[in-house]
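By written order: A, B, C and D. Residues from 1 in each chain.
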């Protein structure tokens, strides 16, 4: 059986002593094994990254950028193959994988502008004939630890900019769907990246802990669940590393009485069920203000959900695919069960979905639950499945209070036509990414991604301008030259 | 005896249950007592800051800035009194205190520009008719914990910008010289700062831990020694707070053979002995490249040090005053003893200095030690006294290696006339603040202050542009309006 | 009779060979004479500014900024006297003069941040070991020519930033109300500005032409009417000077059917009649979309205008004062006459207003004209008086077309609650300053002021960030040092 | 014979009524004809650009950027062919053409970052609940007029950024070497640029004047000689257009006594003779400080110039090729004659150079002239040929005075090792682009290009950050929403 290896110092390495099964979630079958790196393998990757650092740091930013230009080209050229790899191991439909890849490539495009982004601030005459300026220098070896749900995009949030800034990188991707990630990293080598600048190690907690404990690793970027994010963040910090760790979410949309309801429903379909809801920006709670809006929303959603197709990634007419594992399917269904048990109304039920020809796939159908209340488990926790819950409130303030009281503060949205409502919402909501009639307010690559509260640990957000700051350290130089030497000397030396 | 209290919700509070002696280090006498805040007192301060936050956050940035304009005026008006308070409790000579205050005021001046500094990034058409922008919103209640050596300046690195950004603040200054700090904070109230926006609590570890553990405190800025900085940083982070913690230093100057030696000596005098060397940017090690340079340096320094006057703060002809405590005097002298015992040559010895009329003051005279080597304790640790050690090397690379190998990376300097040497040095040295013929390369207030390695824990530097980022969190809004409502409606409603 | 002189090289100079009468427009009486500078006087001012330039250019930005801090203080201290001077010669009510002064001071506040604003861009390694950075250096002697309607504010748009950037300045203010301008300039001297850095010359076209033709003047900022702006711009450019010239305006507000009509009326009162409409940002045309909105607007305006008080500046209960001259009063009334003759309906008529005790004052009452159409003279030209004209249209597109077709493009506004309408408007309207429910969208001092089309000639807008660019020129330095000299030499020179 | 046409609305158009000969300057033969556009043709191009504008303006910046990404790829793919076209018509050797093209592509790379570069400034709460932000909107149809010496690079300084900012473009390139320019523009179409967004018209003064006089053209960028630049600038401004016009140069290098002389000579060879000196950044004057330096410089240059090869573009071993026309060869030789007649010493004489097999080519050999003085014609005027003149001075100040007194202020350089000399030079020299040991200090594409004095007319420099400002106009929006409508309404509407 095919074994997915590591990329260390430009070579694919297969450390097959320990492996783990990789499934095709559409069929439920094991299709590959992924090598799990030992401590020694991770340390070798670190050593290679460390060795590659001095020359890479001294490579001019524009040369580093030009490898990113080429990398983008190669990803576009091989997009179809990458989407297939994603589909096979993650299950997402090809148009969704293509979207993921496109958002990943956007980050490479942004990294192509690194000469502009690395500019420091220069001040003449901070004192008489004294100048001062800042430089943003790379950190050294930095690491990224990424989740299964975006095997192409989330790594591309991290290493293109980290590398463009002059760092060398160790990526520890999810072991559930490692192939597309590895393939993409290999294309970076093809684009001209020197060996050792980007390394990929597959592995489990042992690999993660090796990265967290090694003094040569200067920074860690993480995306995953909140408990792990918190562990990564506190461990990395205690070990003297810079860290940004992105965790879970519970993203609410407020549906105001004046919303364009057809538009809202249309938007919510994709935002709630796309990629089976396995997105940290999935919109999983709709808060309808007033029963008129709530009734209309539920009725229209119910109708619209009849057209949703769930199935295998290979059929492009599907809207979304399976969830990642059988265990996760059970967990998602368990949340639906608990909501029902707690008194909520399951309006559309995806628990018993059957996909013909894929009877062993890990499918959950699109689910709509009404009359959810804040004390229910299904409301308090992140479900990470194709489930949209509706909470009914009587006033906008009540809706905002719900959101502000939730543990997470990743994304949120309001549907309204009213300028004042939108401004009041965006100003006062305790959430990092806010949409106004935009249900998935993922910032574009030239802005930065980050939640508030327990959705992100760290000072700086992911990608965009903040990534430049995260992957560099500020150096401030203050310069004064002693009184004229050669300048006046010249006069003295050559009198008429 | 006079008791120095707290400033809570705009009132001076004297929580006299527990107090600690405040000394005049020039005379060695206890002159005041400082109240040490109980947990309840600190929590009350936090509650007041929390209560003041919503209205202060909604005060427009220009109004917040205008209080800073007024605050600057008041500090200038009361400068003499402030310098006297500093001198009495810290011991620094009035011209040095005036310098400290001036650098502090610079930070207020920078905070006056907060409307400019808070500007977010606005992008039209991130998608068709979709706009996106970022806002930098205040964090809430933030805290600052500051050291004895700059009772005026270091607090002013923190709270003017924190407050100008819309946060409310709790300052826990050093309990050794609390009076000037409290006086200055009170002037902020006089400048128009609403009660509760700036609070000062004096205290010890109990007060610090209360701040670190209270969930309402969103961020902590710290300046002090590295072990405490590390404790503050890891505790604050583990408690979900943003933190920047500045620690110790060992700042080296490389003296190149082509340096303007008279200028270098002149600069080193102030940089090594000013404020008795109790500065995290004090230049405590001179690395001379080549014995010719070393011999010249030592000879000229020895000569120049004959003119140094140590004595009480009240005599403006003095160059520097006592160290902060008797214990600290003993510690400094102990390092000189150990260097001597380790084989270094004490060229000028300040251990036995006597100041007439101030026989009980905590004085150490300016000390010059030659032939110091990297394994000596006096080299490895921060002395924080008026001691300049000379290390002799044979090549610039060797000098740079020494600096890069040291635990600390706060400031450093090179003395040379050569452009190439300066550029090579500033590019490759692993230190956050670099001087080229500038021995104390403290960035001006519109750049940021921060060391590397174990001199600073955190992503963002102190004051300057980084402070704006530290004291705010990014929110990214993405906005699309549904298809034309009132715009087209108007047409339909009023046909001709 | 009092003669208002010039400020040259720090001294008030009275060049009384030629003078012009200064009126009190509330009484219609001549109260002072203003000296009109001869060519020789203007050239002397230029020579002084030229002489002061080298030292001022080399003064550090923070020192220049600190004079601005002090200047702000002095203006605040003397605000009442300044407002009185404005009132006596311009006629505006003291609260209006105070508002003008406050907006002027805002620009000084912004100039206090000049160390931040002058930062250049620094890039390491634009090539191997090659660095590049930009500096923004002052131009030299620059001039400002300002109008009567804001004798305090418009000069403060210009010289604080010009001077803070290191230039020296010649101001040629309006000869109609010169006293407040001169008084303010004198306070800049008191704030510590070295003699010759800021000079004021009163004068007429001869003075203007001298400034435009003198090769020592490097840049000209102008605010006034469009024909003069065009003349200034083309002449300055032909003479090799940098120029920005702000001209006339015809600012429209669109009133949408969904507007909060009471709010709109309330806003329009101040925006149309404040300062007698003698503002380039005065809102002089309301475009009502649909007859329902139009009827409501006209009815409510008519009612609200009953409460408007016109009278002398000295009575604070007045809403607005006289226009600047008898000639201008006749011109304004002539436009009302022509609108009436062209078929428009004068709903509220201010032509015959009488102010008791001020029968010879140059008063025009608030005037409301309905059914105005685009071909009327009163619509095509700038009236610069307290006249609000209403145009009725049937669709928002029609309203926008009107605005886009007008010669001027200074300011505009829409009254609506609808996010989509506001965004469509701001995106597509051909006007430089856009208000959404803000009838006078004058940018704050940390943004920049500028119209489009024939309202501004030049690339860069007035004040704010653009002013920094206007008053400086970019220098780009590229630096490489030859192979290691002293650095390696040291190694060779001192072998073991 | 081949006729080079125009590119209008995506089609190659051959307006053959009027044509002009295109030479191969290596052979002296006419090889093609270039069509000269009539007024009607230019107006058609303008109409097409105007028609293409609305849709292009509304295309999202990232989509516009992606065409630039593709354009870069195509240029790299077709680089060899482009260099051949340049060589045939301009005469420059292929490595030099490749360098030109690479610098051109750099500008496309920078334009790929346009989403970042177009970001406006967003301020919350400029007043209570009032926000303000700036947008940088495209101008409309803009034009570029470019010189023969960089047929690939200079157009690429202009249109990639102009187009990326949302403008549509008319390029009027040099009629002497039109083929590479046209070919490159056609590749932009292939990269996906919609028809009409980029148009190329070949022509003479009639075409230029049509562009200058047409009201639909909103801005003009020009690079050429100073008299034409001045004409373009004043005409464009008088016609209400934005304009930046880059003219001539006389770039001096100061050679200090401490310079690394071998390095300086090596650098000067390329900087003086590369591309036959037909560069506005060519280093045409070396100012040696002190006779020792001067003698060494002249001797080493004389020696080094023996290795220079002049010849046809097709032989890669050549260092430089012919000048552009027979007339220009005569003009260059005339300047050498005049210098000789004025008493200068022609040390190396290129007037009689013969290239075997290319006897009719327009060749001038590398020429070195010593003892040049400032009053000579050859010093005062731009030669634009392979001629390096040496001026001898006795002090650095004298050298700087020479440079500051010259009419032009494009580029300059100092050769020294001394930090102080370099800083004094860069601070005080009246030149826009300064090199420190960099003889051709052409800023990289992410900085901006521009001379001072009569080398550039306009406020903003070419390419880099300034180009973004030049090709856009600022719009400032100020927004306030009326009191809560739907937000509070919701509460009232749906009570429990």
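In this section, a contact is a pair of C-beta atoms (placed from the backbone, for glycine too) under 8 Å apart; a residue touches a chain by one contact, two chains touch by 3 or more.
All of these numbers come straight from a predicted model, not from anything done at the bench.
Asks: Any idea whether B-D or A-D has more C-beta pairs in contact?
Replies: Taking the two pairs in turn, the one with more contacts turns out to be A-D.
Asks: Looking at C-alpha means, what's the farthest chain from chain A?
Replies: When every chain centre is compared against chain A, the largest gap points to C.
Asks: How big is the gap, in whole Å, between where the Cα atoms of chain C centre and where those of chain D centre?
Replies: Between these chains, centre-to-centre, one finds 36 Å.
Asks: What is the distance in Å between the mean C-alpha positions of chain B and chain D?
Replies: Their C-alpha centroids are separated by 48 Å.
Asks: Between chain A and chain D, what's the gap in Å when you average each chain's C-alpha atoms?
Replies: Averaging C-alpha atoms per chain gives centres 42 Å apart.
Asks: Please set out, as single numbers or ranges, the residues of chain B touching at least two other chains.
Replies: Residue numbers touching two or more other chains: 62, 115, 119, 121, 123-124, 126-127, 134-135, 416-420, 422, 436, 444, 446, 479, 481-483, 485-486.
Asks: Can you check the complex and tell me which residues of chain C touch chain A?
Replies: 58, 60-62, 115, 118-128, 133-135, 416-420, 422, 436
Asks: Chain B touches which residues of chain A in the complex?
Replies: Listed in rising order, the residues of chain A that touch chain B are 121, 123, 126-127, 130, 132, 134-135, 233-234, 237-238, 240, 242, 259-260, 263, 417, 422, 426, 431-438, 441-444, 446-450, 452, 454, 457-461, 465-466, 469-470, 473-483, 485-486.
Asks: Show me the residue ranges of chain A that touch chain D in the complex, using the header's touch definition.
Replies: So the residues of chain A in touch with chain D come to 62, 65-66, 69, 72-73, 106, 109-110, 112-113, 115-117, 119, 124, 129, 131, 256-258, 289-292, 394-397, 416-421, 423-424, 427, 444, 446, 479, 481-491, 493-496.
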